[in-house]
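Below are two complexes that have subunit A in common, paired first with subunit B and then with subunit C.
For the complex of A and B:
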């Protein structure tokens, strides 16, 4: 990232300014490589015909980050004890400045997160983007869906009102009807044979520590695979590019890697040999 | 290397009385704060400041002096032998003996991994145990004193609300539907049906009038736990508000998603009081009242089959 001395028409003042901006970036890059990594992530090649449907994944990520942020701040006012949980939620909603807004963001954002996950999943399914070599990323995505739903289940109990309580009773008993290990799963979730004081703090811990950590780790893996394998093209790419039946004409690379090429299916290099 | 010029000078600063003076000043402040804050404490502060300044000046004398010039260290490159290329010369680690199956490097590798696994296990196992085991340990249903038998008139249903664990508060509040069936072979007979729906555990409600005006509250037992009795006439049996499961007055499923009849409680009569025992699950009930034949099983969670071929899905239950 060193600034190469080129003959440019930039004024000396602008050059100075650029140097001043670049110096700390260069300093960081030299010691960590982070700038290069971020550039690699942000400016990587994607197919030319990606469209708005491809933004559903980042929308889901944004929804999750909103949940993480609002949840962390709600935790500053929420008290996970049966005697005080409901009152503290009332306090957040009615007394704390902007509490109604942040709680609303967290409550409605939870539904938005789940809905966006399904939209994103539908996009990947309908575009056939789960196929080789991206099967593993589909699997990671399904894990994210599962833990995302678990996040919704554990969060639903926290207001500790009648809806929350009975919905959790039903949800836990539903898990209890799983064959063989179901009864044990239900006892594990309840922290005992019956819902009690430990159940609430147990769900709170799962909801705001264990599961979010798992989600962050899985999102990291998900994004790593996205960057490594590249974004897939929409299914109509080949036709739009004038391609024919399956063994297509040799792909033009346009400077893209094979994996991001819409028509590169038949042309993947298997052992670094010819395409 | 040149010889150091001040070989005879001691490297540590010589003994000094200034710290003692400083300490005396601080002690004087502390004493003064108690004895006379306006006079003695300031004197102590002055002493501490003066001696502190002298001490600091004395201690930093070496640093404030002109730095002595130090000749840069030089290392002449040896002119004789050329450097040995990496692929020749003596190896950093001796090659394994011919026929040696387990070289040192492999041993170190395995022991590093093994030790890591042992340390990881030592940390993880107790933590996971702490998370899982308490949910299965010491779980049970204590006996609950529901008060004198006189409160349960013969042939009448009572919505009986009590606290399973009074110390845990409202979260342990449970409800049972209790009917006194009169005497059977000289012993009082009761029908005690749990309100936990056999579908997914919602509270079933009586299908018939409830008479909250005739509510009765008693506080039997040593812990002072409240027991509330509200008369009802569940002529249409019981129904669940969540998913519509329906039961007849004996708790048999008549419609909807439940997989078996309503659970019941064991009971005993102790010193004229009705005492609730452990709950148990019921497949179905033949007959009614004191002549009912109850097909009883060990307590199972809601939605779990206890008879028929489906019972093979739930072979073991956690200890309750």
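For the complex of A and C:
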């Protein structure tokens, strides 16, 4: 893909500069298609009447990213062993520079994340946005809610204080009441007969490897479906949204099918890129 | 119910509408998203600051103030030996926590612990397959609207109840011991009275009720007349030491109390035959 602009009013110096800027982009696009994918993501059309309610999803994502970032920093100082966990939390909160801020953001970010998940879910429910063809994305969202609350449960033990310890004792015992699987699940979570060393390292691993990995994967799927199916318009929208009596849209002059299109593969510049 | 052809046609129409009249995600929608994300991060930072600056390094005091605005930085270190700490989950589990008080152990407690959460999850998952009408405007979806209002109200009430549920303090419960001894008629039995004190101070009343004292947390049974069953002190002390041996996986083990206290507790429970 050569770069030369066809109608060249630009100075040679400007041409050289553009070529220098475009070369790495073209190089990347030719080998991966990533530039086209990003362009498709950024310049895809969303209904003209999306509003502030539609920001709850990305707000939830932001809260999760705050958790991921602050969690990674906390993991640098936290020591998941019953003998040292409480001390390390104390150290993070009281000694480490801005440690209190990182831990405070992680502690309160968890609540904000849960609240935003519920708000986002309420918005989707009230807008009827779970309906065809977005059923699958609703289910992925429900899974994210369940897994997110599990993340809250496993994280609650880690400070290894009385609040954490006894909440987990009861939480695990409650799991144990489930028919058939319950006792096995309780034994698995406890990692033995008593809550102790094995329980803490187990919860730590679940909290910072397994469950966040699952959440990242589910968020990826969730976003893929959002981009593929398009952002739902509000129920009162003219964009073929809700009722049976929506006004017909003017016929599309675009020859291409209006149905879902995969990522633009035809070169990022032809698809609304520069000149 | 709209046929699948209708729904497909509507979605095709939507895609065309958005293509011809929609706006580009960047910068229009992305601007709103960015502003909202900044608000979220600011709120999180603000909460962290308020929490930190209204609390102190000591788990029991809040920098000289009576109570921390957003709770202490941490409670005392975990100690499996203490038995009078009242367990309490994070706030978003309060609704489940309170549900457990509604169902009584052991027959229906499974409903509260596993049953209702599972049912809620199943309802959420099957929702888009049950509600296949094309209509999305809220006022024309009365069932969905009423269901949403009911869910919000019940979750709110349960969370509030869970948050404000009073837990009996050991220092208050222990004052009831003489009354218990009198009403149950074991005032002359030194072991039983000692056992009653153990019962009052070891956190038993966090989950059990006894002659009107305590809270039925987790749906645990009332113990005022537990001794009527005729099992002796030994049965009760071994049961309390490790309830899982008797198929009770809800109640924590209290073996940490030690043999003497467990024996006294056993005598107390076997003497609790209901008020005379």
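We take it that the second predicted complex is superposed on the first by the 219 of 275 C-alpha atoms of A that agree within 3 Å, B and C clash if a C-alpha of one lies under 4 Å from a C-alpha of the other, contacts with A are read in each partner's own complex, and residues count from 1 in each chain.
The working rule: contacts are C-beta pairs under 8 Å (C-beta built on N, C-alpha and C of every residue); 3 or more make two chains touch, one makes a residue touch a chain.
Computed from a predicted structure; not experimentally measured.
Of the two partner chains placed by superposition, only subunit B is touched by A:83; subunit C is not. Looking at the superposition, the partner that touches the larger set of subunit A residues, subunit B or subunit C, turns out to be C.
By the touch criterion defined above, A:27 reaches neither subunit B nor subunit C. Once chain A of one complex is fitted onto chain A of the other, the partner contacts of A:180 are limited to subunit B, with no touch recorded for subunit C. Look at A:166: by the touch rule set out above, it reaches both subunit B and subunit C. Touch criterion met: A:192 reaches subunit B, while subunit C stays clear of it.
Within the superposed three-chain model, A:114 lies in touch with subunit C and out of touch with subunit B [touch as defined at top]. Shared-chain residue A:122: touches subunit C; no touch with subunit B.
In the superposed model, A:224 makes contact with neither subunit B nor subunit C. Contact with neither subunit B nor subunit C is seen for A:216 once the two complexes are overlaid on the shared chain.
Overlap of the subunit B and subunit C interfaces on subunit A: residues 82, 166, 169-170, 173-174, 176-177, 179, 182-183, 186, 194-196. Subunit A meets subunit B in the complex at residues 82-83, 166, 169-170, 172-174, 176-177, 179-180, 182-184, 186-188, 190-198. The touching residues of subunit C, when paired with subunit A in their complex, are 2, 4, 7-8, 10-26, 28-30, 32-33, 35-37, 39-41, 43-45, 47-49, 51-52, 57, 59, 70, 73-80, 82, 85-93, 100, 109-110, 113-114, 121, 124-125, 127-129, 131-138, 140-141, 144, 148, 152, 218, 249-253.
Subunit A meets subunit C in the complex at residues 41-48, 50-52, 54-56, 58-59, 62-63, 66, 82, 86, 89-90, 93-94, 100-101, 103-105, 107-112, 114, 116, 122, 125-135, 138-139, 142, 145-146, 149, 152-153, 156, 159-167, 169-171, 173-179, 182-183, 186, 194-196, 230-231, 233, 235-236, 238-244, 246, 248-250, 252-254, 258-260. Listing the residues of subunit B that touch subunit A in their complex gives 132, 134-136, 139-141, 164-165, 168-172, 200-203, 242, 300-304, 313-318, 320.
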